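Below you'll find the structure, written out as structure tokens, and then a few comments.
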Amino acid sequence: MSAPALEIAGLTKRFGGVTAVDGVTFSVGAGEVVALVGHNGAGKTTLVELLSGALHRDAGEVRVNGRAASLRSPREAQLAGVATLHQHLALADNLDATANVFLGHERRTRLGLLDERAMEREARALLDGLSPGFAALREPVALLSGGQRQLVAIARALRLDAKVLLMDEPTAALGPGERARVVELVQRLVAARLAILLVSHDLETALAVAQRIAVMRRGRLVAIRERAELDAASLAALAVG
Amino acid sequence: MLAALAVLWLALAWVSDGVFLSPRNLVNLAVQASAVGVMACGMVLVIAARQIDLSIGSVLGFTGMVIAGLQVQGGLFDAPLPWPAALAAGIALACAIGAWHGAWVAYARLPSFLVTLAGLLVFRGAAWLVSDGRTLAPLDDAYTRIGGGLGGAIGAPATWAIAAAACAAIAAARWRAPLHALPALAALIACAAIANAVPGPDGTSAGAPLPVLVLGAVALGVHGLATRTRFGRHVFAIGGSPIAAELAGIDVRGVTLRAFALLGALSGVAAALTTARLGAATNSMGTQTELAVIAAAVLGGTSLAGGAGSAGGAVLGALWMQSLENGMVLLDVTSALRQVVIGLVLIAAVAADTRARRDAR
Amino acid sequence: RASAAASATSGKEVVVGVSWSHFQEERWKIDEASLVAGLRERGARYLSADAQSSSEKQLADVENLITRGADVLVVVAHDPSALGPALASARAARIPVIAYDRLIEAPDIFYLSFDNRRVGRIQAEQILAVAPRGRFAFIKGSPQDPNTEFVHAGQLDALRPAIEAGRVQVVGDQYVDGWLPDVAQRVMEQVLTRGGGSIDAVVCSNDGMAGGVAAALAAAGLSGIPVSGQDGDVAALNRIALGRQTVSVWKDSRALGRAAAEVSVALAGGTPPEKIAGASPFTTPRGVRVPALLLEPVAITRANLDRVIDAGWVTRASVCRGVDPGPQAPPACRAPN
Amino acid sequence: MLAALAVLWLALAWVSDGVFLSPRNLVNLAVQASAVGVMACGMVLVIAARQIDLSIGSVLGFTGMVIAGLQVQGGLFDAPLPWPAALAAGIALACAIGAWHGAWVAYARLPSFLVTLAGLLVFRGAAWLVSDGRTLAPLDDAYTRIGGGLGGAIGAPATWAIAAAACAAIAAARWRAPLHALPALAALIACAAIANAVPGPDGTSAGAPLPVLVLGAVALGVHGLATRTRFGRHVFAIGGSPIAAELAGIDVRGVTLRAFALLGALSGVAAALTTARLGAATNSMGTQTELAVIAAAVLGGTSLAGGAGSAGGAVLGALWMQSLENGMVLLDVTSALRQVVIGLVLIAAVAADTRARRDAR
Amino acid sequence: MSAPALEIAGLTKRFGGVTAVDGVTFSVGAGEVVALVGHNGAGKTTLVELLSGALHRDAGEVRVNGRAASLRSPREAQLAGVATLHQHLALADNLDATANVFLGHERRTRLGLLDERAMEREARALLDGLSPGFAALREPVALLSGGQRQLVAIARALRLDAKVLLMDEPTAALGPGERARVVELVQRLVAARLAILLVSHDLETALAVAQRIAVMRRGRLVAIRERAELDAASLAALAVG
């Protein structure tokens, strides 16, 4: 068997006196979804930020597709094949949805100028898939609704064509219809052999898509279970702790 | 802003018995505004990236001294350089200075206000040291044409040719909506006609002065950079949210540095326009220009909070500021009263413009 | 464009355009007033522009004045060597140019001034008269202003023998940005600190800064140390009466303003420059010969304060404010007995 | 900043053979920094609320002229006012000017950069108009004591009394952790000792000069305002997020206006210190002070992005800037070279400070 | 019977060409929870902002406790007795949790100075009730986790002692344990006769606390049903539309 797409060993991050992530070890295989749940402030987002290059780890190792990854910047993480949807979305509020979907990876024409038409076409296709009739492609995203903003951020993460996808609360602001479509989408991505780490407070969604479910508490990984071993009640008991 | 500018111009024409709107004065106005306009275009990008540059006036002074020092007899070196070499060296130097400031801001993450305030002091002092406080003159006659003085305009045929080419380009870009292109075409033709209505030294039409052409080229270039390239997109993304830009994988530091370097280079261009226009390099050149430049950018809709602004707006802002200066001289009031009036008109204009924009929404 | 001379003789009113360097010191206001009065007497119109100490702005100002139909230009050059293009525009429009107060090195101007180098020389001479030896400090004007150097050169002309002979030591030599009095005060405090709190004389280039210097000396308990200045500011004349300043070199700006009015109307009327009353040829440092009308600066000291009062420049009350009218008072302020 | 200041002082002491650290020079330094320090304290609040005020230098010049014009013979009115009345009127006027700027910013929502740039022009012009450009002097002897000149210090007994009172207050506030109070107590006693080491005109100890006491009182007051009152809390909330502040029910406009008014009033206080120190009011007073004041605030840790800053930091920043100026003149460095050195040291200091803060985290 | 605590009639808001809220009419009685659900961009947040004074309506009427309310500013809305938890939380990121909980309504000592101790005590009590052991009362809220920030915002809205409470997605970022406590809390508030408008994509929570459920679609209120008429499946069908 080849190496898992994402391997984490002993990952640790301290903020002053607090250890937000404390010796976390686990892995996610290609074509697998691992859901990560836990109380507020458990350290889930910190873990994701460490993997996305936004924060620097104090200790531990990370391997992506078997290769050690230093992840010193978001750019480096992207180059290593890790795409991230951040909990706080990380949108440039003054730019429109199209620009945000392609931010940092703009399409260019042969002259080296921005290829606005190609980008708009592609963004429209992506967003339409998530929310049919998504119209506001040319308005600053500051004017969009909470859920619409989340859809833009999801579209951006999808666009990167990564091998490992980190999704921090992707459905928190979504309506029931949009959420269902995102769940479908995650299932399609898994079929295409992506490795997905899904952080979610929505235990239902977690149960619907994950093969394994990890639980964090106060910075530590306290449990990691196969989906089959769990049902809604037992997962809730685990997550609340 | 455009509407407010029109009102201001009409008012000034009225109080000056039409002198303000005479072709000669309009051409003067454009030439006078060109150095500030050129720098304001670059300032737009720096401010859009949530930074500020207070050093540009001093950089203008310093590079102006260097450009002059390299080309005059008994200047910096024993053998004077030909003016094109001096010019190129000066602009390269200005660009390097901008990059130096940008490096402190982007890589060492110091507040740009302090870094460029330090730059303001350093290069003001350096400008003095270059020549020991002397004024360097006279400059090469060919060089001084860049300033738009004697022989510094391109004549009527070339003016019409440029106007026609620009019209053709606009028409081509807007062929789907030709009516929208009309105002721009009309403005261009009017500008060309005005420039040609001023007699040159030999009595024939003088045509467009070089500094104005330089300003036009710079504004067009920065506009393209801002709206059509990755660099420009990234500048605005950084201004909108530096963290989001970083997380999107943008090279925030590199982009910031390049924005400062570009503004530096444009300060060098402005230094060339200024020294060529003066026919000399003096060590007070550029003093307090930074405020005029930032004001022009902000008047043109650039937000000091970052993420918004346009080169076209900055040029309009520069014209605004210069119209006030130029126009107030036409009023027979003492200079102190003039300052008071300029300040009050400025507030009134900004208030009117803000209200107009709010109502439009 | 019809020539200025033609328009003047054809009975149209003469338009005189004046480009001022700045209005930061009191005196320019007085120049302006007397120039305007002189023009009004002669039925000429006055246009003005203030360059606010900027060569760029002065260039624009001159262009604007030409655009507005000036028949003759009076230019107070901020930086005389950076006026080439403005002179070229004027020449192209065949408008005569008067270099007012500050010399412009160009062949076709008319020079009307007090001699600035001479001002510096008088300052130093007056200081030497009361303090022939000791530790001196120079408080010079703005490094950005070319006049600073002219005045300082004059000061050195007078002091060089004393310095070379070792009678005078220079313990401070500083520019003051923008000629600002409060900056001059801080600079003076530092010079004092450096010298261990003592000094024998301060050669200061104008009256505004002399005010700052006097305040710094007073705070250090050194009131009465010789201090020079120029411009004849009311506050400075009062300090002279009080014994806190030695000399203010007075250039009667009113005379200069009146002369400018007279000369400009004459030039606009077609009088050749050489034929102007009182004019004599003047050779500039670079060897250009221009027609010139030079007025004499006057050193105002404790002894001759009456001169400015009698000339109506200032009132006796304002000069003598706070002065004890006893026998120790300067002659101008003594109580009549 | 404190550590960097210590390094700078030692370096300056070393190159000046100790003169820099002589009691007289330290007292001079404190007096020289007081006007800028007073305004920087107010600037902290304006910047913390995400605004900027460029007009303060001109407001200083204008109100200084008015204060002087009201008290000299033949000034503004025929009958001169007693100096306390003139002083009160001047500060009230400055406060009103600040409120006028604040009103445009808060209620008409114009960019503060442009509004206060207009103010810079208007009040610079107005300062000239007040006296027709004349210098107004001499000022009342009692008034000039405020400036810290002759008779402007309070003598040794009063200095010790104030120091003792301040020590007692600090000790009372910190009685739970007496060790933490030690550095502050030591600093206070050192300051008092230094002030008393300078001989006054009569040979006895001069004691603390009035401008320094004014600065101390202002800094303490602004510190209390910023950290202990609703107004201060709201200023910082607005700077952190204007929308959040508005939604929380804060009167954003009223608070903004009051921050500008307070800075205006402090510019009036600075005008009093400056004119009293100079013993005259000149019409160029305060030129370019705005940059020094903003730099002091930013050096002291105030963020131009809003929401952060402290009065104590601003005072330190002002001392920093003045130490550089003071030290360089002491070394008799020419002004051009001085500017270069000050600029470079400024960058180095900010870089060191930024690095230290980052490492501390 | 007395007037309902909150009455809305014909409420309308346009943004340029889009009508975000289109003639919405309904009411919430004292001691009642009305849940508001709908797709992303349906106009729920816009409706809440209109009621909170953050936006100005183009048409329609609002009555609070029978009295017409103009709601021209957030302050005015608060004075009329309407407290709001905003979807985007509206925290001052540079201030700490205590300061945020009391923002705009700081406690003062008799001398008029801020009473930090009283505020910290009260904030601790509130936050502890929502998330036992919530410790970070003195750190800038920018450093808190997404869920912790939401708890701070909830605490602030509770503190206002209002008659009408608007909660826009109060549980979106909360962990399962915290969510359960917020549900309990809402039930306690209802018992204390508050009128609550609860916007939520979390249909389970909506069903757990609401007496009536309203559904918005493209700016219009398309249905308003009694809780008893609905079960999870029928509500999901209604919400997705």
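Quick notes
The letters A, B, C, D and E name the chains in turn, as written, and every chain counts its residues from 1.
Here is the rule we use: a contact is a pair of C-beta atoms (placed from the backbone, for glycine too) under 8 Å apart; a residue touches a chain by one contact, two chains touch by 3 or more.
Predicted model only: the values in this text are computed from it and were never measured.
Chain centres computed from CA atoms place C at the largest separation from subunit E.
Farthest from subunit D, judged by the mean position of CA atoms in each chain, is A. Chain geometry summary: the mean Cα position of subunit D and that of subunit E are 45 Å apart. With centres defined as mean CA coordinates, subunit E is found 50 Å away from subunit B. In whole angstrom, the spacing between the mean C-alpha positions of subunit B and subunit D is 35.
Shown for subunit E are the residues in touch with two or more other chains, of which there are none.
Taken residue by residue, subunit D touches two or more other chains at 128, 133, 335-336, whereas all remaining positions touch fewer. For subunit C, the set of residues that touch two or more other chains comprises 23, 143.
Pairwise, the chains that touch each other are A-B, A-E, B-C, B-D, C-D, D-E. Of all the residues in subunit D, the ones that touch subunit E in their complex are 224, 228-230, 233-234, 236-237, 239-241, 243-251, 307-308. Every residue of subunit D that touches subunit B in the complex is listed here, in rising order: 50, 52, 54, 104, 108-111, 113-115, 117-126, 128-129, 133, 291, 294-295, 298-299, 303-305, 335-340, 342-344, 346-347, 350-351, 354-355.
On the subunit C side of its complex with subunit D, the touching residues are 23-26, 28-29, 143, 172-182, 185-187, 189-191, 193-194, 197, 207-208, 211-212, 214-215, 218-219, 221, 233-235, 238, 242, 317-318, 321-322.
Interface residues of subunit D, counted against subunit C in their complex, comprise 16, 19, 22, 24-25, 28, 32, 73-74, 128, 132-138, 147-150, 152, 201, 274, 277-280, 282-285, 287-288, 325-326, 329-330, 332, 334-336.
Residue ranges of subunit E in contact with subunit D, taken from their complex: 52, 54, 73-75, 78, 84, 86, 89-95, 99, 103-106, 108, 112-114, 156.
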